[in-house]
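Look for subunit A in each of the two complexes below; its partner is subunit B in the first and subunit C in the second.
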Partner chain A sequence: MSEWRYWLNEQRGTLMGLAIFLLMFTVYIANHPAGLTANVAQTAANKGALFAFVAMAQTLVVITSGIDLSVGMIFVLTNCLASWLVVGEPLPTALGVVAVLVAGMVCGAVNGLLVIYGRLQPIVATIATGAIYFGLALLLRPFPGGSVNEDLADALTGRLFGVIPSSLVLLTAAVLLVWLPFRRSKIGRAAFAAGSSEQAAFMSGMPIRRGKFAAYTLAGLLAAMGGLFLTFFTYTGEAAYASGSGYTLWSIAAVVLGGVSLYGGRGSAIGAIFGAFAARTTGDMLFVFDVDPLWQPLLQGVVLMIAVSIGSLALLRVRNRLDWFL
Partner chain B sequence: MTTVETKATPPLFRMEGVSKRYGGVRALENAELDVEAGHIHAILGENGAGKSTLIKIMAGVVAPDEGRMLLDGRDVVFRSPAAASAAGIACVFQELSLVPDLSVADNIAISNPPCRFGMIDRRAQRALAEEALARAGAEDIHPRAAVKDLPLSRRQMVEIAKALASSPRILILDEATSALTAGDVAKVFAVLKRLRSEGLALLYISHRMHEIAELADTCTVFRNGRNVASFRAGTRTNGEVVEMMIGREYSNVFPPKPQRAPSSKPPVLECRNLGWGDRLRDISLSVGEGEVVGLGGLDGQGQRNLLLALFGVLRGTTGSVLIDGGPVAIGSPAAARSSRSAMALIPEDRKTEGLMLPMTVRENLSFAALDRVSRSGIIDRTAEEQLIDEMVRLLAIKTAGLDVPVGALSGGNQQKVVIAKWLMRKPRIVLLNDPTRGIDVGTKQEMYQLLRRLADAGAAILFYSTDYDELIGCCDRVLVLYDGRIVRELEGRGITEHALIASALNVDSGQEGATA
Partner chain C sequence: MSETSENRISIRARLPAFLRRADPAVLTAFGCILLLLFLSSLYSSNFLSLNYLLQQLKVASFLGVVAAGMMVVILLGHIDLSVPWVMTTGAMMACAAAGFGGAGPIMAIPIGVLCGAAFGLVNGFGVAYLRIPSMIVTLASNVVAQGLMVVYTGGFSPQDSAPPAIRWLATGFVIPGLPNAIIVWAAISAIMVFLFTRTSFGRAVYGIGNSERAAYLSGVDTRRIVMIAFAISGALSAFGGVLLAGYASKAAQAMGDAYLLPAIAAVVLGGTSILGGRGSYLGTVAGVILITLLQSILSVMQMPEAGRQIVYGVVIIVMLLFYGRAPPNR
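Coming up: the complex of A and B.
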């Protein structure tokens, strides 16, 4: 096998996510009354970015073969926090941004500690912490409200040089500053190894606990980036329970669409970004086709199911059935 | 690696009075061991004799309850595998310690990857992996390949390369050659001898006597958690060594083969022109009642796929399968084990295909036979109990109880559970895929007898083994595969080591094979 085949094999999940997104986005744009204008792209990018941050957060935890059901709630909590803190002059605003990001990391770190040292199942631990984070959000914002530094908000949800949506630049920055260092560091590799085979990782003397802790903590950071972005997007904070749990569940779908293995050890946050954009497009597609709102959840589910099925088409080619379970 | 230790008085590594207990079971009791630099030290013993525990303690995987360890004459305590690795102890584990989703290069450099600016330098890592693979004589493995895509024998070579990459002072090999092909074994031996001359200390654990005879300078025998004897290699006969290991007289390993009268009955299992892509070609074979037919040849020539094809695991096979002379279509393992064909497959990889490790011995045993002990869907606990007791007794499975997780049993006993699980269905056709890999002499012997008893009771047995002695000792006939075809059939006295090796390499029958 030549070099590029190995590359293809490594990137298969990500490329599949990209393909599904391109397919759905093309259908969407082709039927959009305005076509692909800078405005349409900006709106799509902004809405997709919200999903993408949460999906990236989910990816890190899923790679350790865990699952984080609190990502959506960290997202909501940091949104409420930002609507208090990210205001005023540039300096207080900057400090506010840092405080919000740190708060997200603390939430993620708590999850990590419970899972690693408390030996709780990730699914249960994060249901509990998710409820706590939502409770805090509710205390911060019993009613929707608050504000945000609008100059910053407009800059980050707007366009760069009139064409490139700023949100895509932010996502790229998150990939370069969070995902790639994680993926290419020893600690990150320990997280991958722990997800793939914890026993083998232990036998090889890898820092499993630090790897997992880093994954959960950075997941909190990425979810907080999403929460910040939501605040920039809406100018307010709102402790919306449905929104929090919706983002959590869709982040799992996005991760799968992006080729991240739910068994752990395999996948890329870049794939998850594509997955998130694809998931987002399922909603928008129904809008351009002018579907009755009553039918939307049902059809969105159907479209999602088809998209996930495309990803698993590879299984149909398997000739040794034992390969199904790998 | 140019600095060779000057011969100091203390050995490179010493263990004094080391004991380890798991619950009520004493795994290791007062063990003593001296490991010298520039020596290959063989550790022998049955399964459960304490070898694995000994290695795990040296490698920092488990902590001893008592005793001390000295490295260069100084006390050491390993709190983790990482600590042992840092002290220069590398271990090639029998149960592979590779991370399946990572690439070969990632795995080789796993404990100490080359870094630049805090990030893993992939180019340097690649170079390191290539060098390590070359040192292990496994240049055919691509550093970018994912470990899970490699066959077992290649994975084991990666495991060896990985141990070499950490430049250890003490290298422990635990059944490191059990899955290797003959060619690989030769390469690995050359590597080990070179490492010895470079001044490394090697601990070599193997059940293969001829490997130990070829490699070892010193041997230590363990039995029931104690070291019973240490001696210079070559000073005891094989028979004496085996006696030390099992603590009883070493009788004939293989049960006698009965004289087989030609039978008018159709063979129990027959296949005609069986094919699967280009990996199985035109396979025709038959196994009669009470017959043990061996599958030989180099590893990976299609033996495993042949068994899987017969067992209904592969899709898109061509040709026909007949049972008792009548054609059958076996489309799934469930169909294969149904009453009509009553087939059982004892898989090679007991951890993933044969057992559910966290579940108890009882649960694992009864899975395959639930329908035999249930009436209208309800499990009859008494019947289940009886059947399980019978099996545990028949196979002499050593377990602290039926409600112990299978994962806690020793390798040989796990394999017995796999076999017992299938025997509970009273199969008529038994397919075995290298069932004695990494299993001690005593258990092997029990398995050979079991095979023969099954055959005498009328079962048809198809038996793949990488151990030539087994094929010679157990089989009535042996079919040798090469590149997915049967290239040679050996029978009776014609089954000799020479004939097996020659046909496995396809040296004297290439023409026949091509036209078959």
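Coming up: the complex of A and C.
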């Protein structure tokens, strides 16, 4: 009888993220002049998917109670790399895609090594590696430019069978191929355990280091998928500092909206995807309500502020004041 | 094990007293500054001229003021990501206030700093009383500050050029040869050192950084202290923005973007633990000078932006691997 209550308790964050997203998306669609057409869904899915990949990457690291401030820069770096490599005939294109994904994994692995074996704090280590990745991106693309295999790009940013946005299929594939295997494996469990209590996990003989390393590496992979998708979306590579740091910061927001605990050990990449889509919809919402674009950042900030304050309602349930201090 | 620790003690015992008491991280940071100056002097002797060094200290003072605020927050074990737009807000509001005429020019600097303090109070309230993780609440207030400034400058165009008083504060000379910005930084540094070492507020900050529960149980109103600390950080960020506006002679959007990560890096390179509770102000000063010097030398050597970013990241990682590591096997 109580089986499902445990499950519900575990998924509460994800369901909350889903609820926020559904609420916002419904309001958005209800006020959209065209309603829910395949076109509207495709645009929304494409823009949301960019955020969602980066947010998933951030989730993996946050679960180990770390934080990756370089995800946005890996995203930008792989975007620049893809604008060189993912071109030409089908075979070179395929090799290019693989190379870009591997590059992302290497970036993530470097972060992991510094945090695990270098014993550096994740915040500062990833600030520094973020600078390095951005430098490499600038080396690759001092000026925006480059190109991409446009057939592949159109296929992946278009629609499947005329209805389903391909970007959603890609996201589902990322969940099925990266997140679920990780979540269900022993290593993934170790990453969760390390996030909720590293000492307890160590004492129980969990493979903490491998778990954390896998989390950082896969985060690099997911960020690279995002970078690749950005290239398909824009057809170019651009080393823009503002876009890198923007994606990093919004990925943290998306993760929190999706019910992932910043203290680690709790949350799901699926929740982060909903969080990312919800964050994205805030921007679109102002468009359908015909708000002056000048007000957009302010309203986005206020919505974000309110959304993160909701979590503090839990304080009302705290019986012992010492529980304020985690 | 006992043998090695005895060895260490005997080495330490032989050092002169001031070195024995000093934090190894601070010494390393100052050592790196000297090494950097030595290496750059091989490239060109201009790097050692008094003019160049004073110019660098002047540029460093903007980062120094921001990093001082950041350090208070990091000592608590929190972080302030709202620096970029709080800086911009401070600068823009100060310049705009000066444009109103009347008492405007006199009130310009206080108004800018107060706007920063207000944002700091919001951050502090969210962190201390609502218990939202500092990373996320400061992130949100950064977006709100950005939104306010975009609306403010877009709706009607306020004065954005810095009034003479602010310019004088950043670039003028009270003592011939010594730029005012350096004096301002020194004054703020003196206040910070006093705050950290001689007041109960400073003790409480270190205490909360080590264990907020323990501080609370010893009768410290930890929530009030945390809120004040964030207000100080906001005020100093805004003041740094005001100084920067004086130096650039105008306030511009996104002028603070380049200060967030260097401020965190400077505090951490100076040996302050990002987990809070440990660190000395002298280290932060060393970190600020080190980062400014590194950026300046790389740009004088005409290294392209890409190379500068890479060197910058590598230097931070290498230095942290020397002394910023967590103890093994918790």
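Keep this in mind: the second predicted complex is superposed on the first by the 307 of 326 C-alpha atoms of A that agree within 3 Å, B and C clash if a C-alpha of one lies under 4 Å from a C-alpha of the other, contacts with A are read in each partner's own complex, and residues count from 1 in each chain.
What we mean here is this: a contact is a pair of C-beta atoms (placed from the backbone, for glycine too) under 8 Å apart; a residue touches a chain by one contact, two chains touch by 3 or more.
Keep in mind that this is a model prediction, so the values were computed, not measured.
Asker: Name the contact category of A:308: first (subunit B only), second (subunit C only), both, or neither.
Answerer: It touches subunit C, and subunit B stays clear.
Asker: Identify the partner contact of A:202: answer first if only subunit B is touched, second if only subunit C is, both if each is, neither if none is.
Answerer: both
Asker: Report the partner of subunit A that touches more of its residues: subunit B or subunit C.
Answerer: C
Asker: Return first, second, both or neither, reflecting whether A:145 touches subunit B, subunit C, both chains, or no partner chain.
Answerer: After superposition on chain A, A:145 lies in contact with neither partner.
Asker: Give one of first, second, both or neither to describe whether A:299 is in contact with subunit B, with subunit C, with both, or with none.
Answerer: In the superposed model, A:299 contacts subunit C only, not subunit B.
Asker: If you stack the two complexes on chain A, which partner ends up touching A:256: first (subunit B), second (subunit C), both, or neither?
Answerer: second
Asker: Regarding the shared-chain residue A:193, is it in contact with subunit B (first), subunit C (second), both, or neither?
Answerer: Only subunit B is touched by A:193; subunit C is not.
Asker: Counting contacts the way the document defines them, which residues of subunit A are shared by the two interfaces, the one with subunit B and the one with subunit C?
Answerer: Common interface on subunit A, subunit B vs subunit C: 199, 202, 321-322.
Asker: Quick check on the complex: what are the subunit B residues that touch subunit A?
Answerer: Its residues touching subunit A are 59-61, 80-85, 91, 93, 96-103, 106-107, 110-111, 113, 115, 118-120, 122, 142, 144-146, 148-149, 162, 276-277, 305, 308, 313-316, 332, 353.
Asker: Mind listing the subunit A positions that touch subunit C in their complex?
Answerer: Those in contact with subunit C are residues 67, 114, 118-121, 123-125, 127-132, 134-139, 142, 198-199, 202, 241-242, 245, 249, 252-253, 256, 262-263, 294-302, 304-305, 308-309, 311-312, 315, 321-322, 324-325.
Asker: Looking at the complex, which residues from subunit C come into contact with subunit A?
Answerer: The contact residues of subunit C facing subunit A are 79, 81, 126, 130-133, 135-137, 139-148, 150-151, 154-155, 212-213, 216-217, 222, 254, 257, 261, 264-265, 268, 274-275, 304-314, 316-317, 320-321, 324-328, 330.
Asker: Which of the residues in subunit A come into contact with subunit B in the complex?
Answerer: 1, 3, 6-7, 9-10, 181, 184-186, 189, 192-193, 195-197, 199-207, 261, 264-266, 318-322, 326
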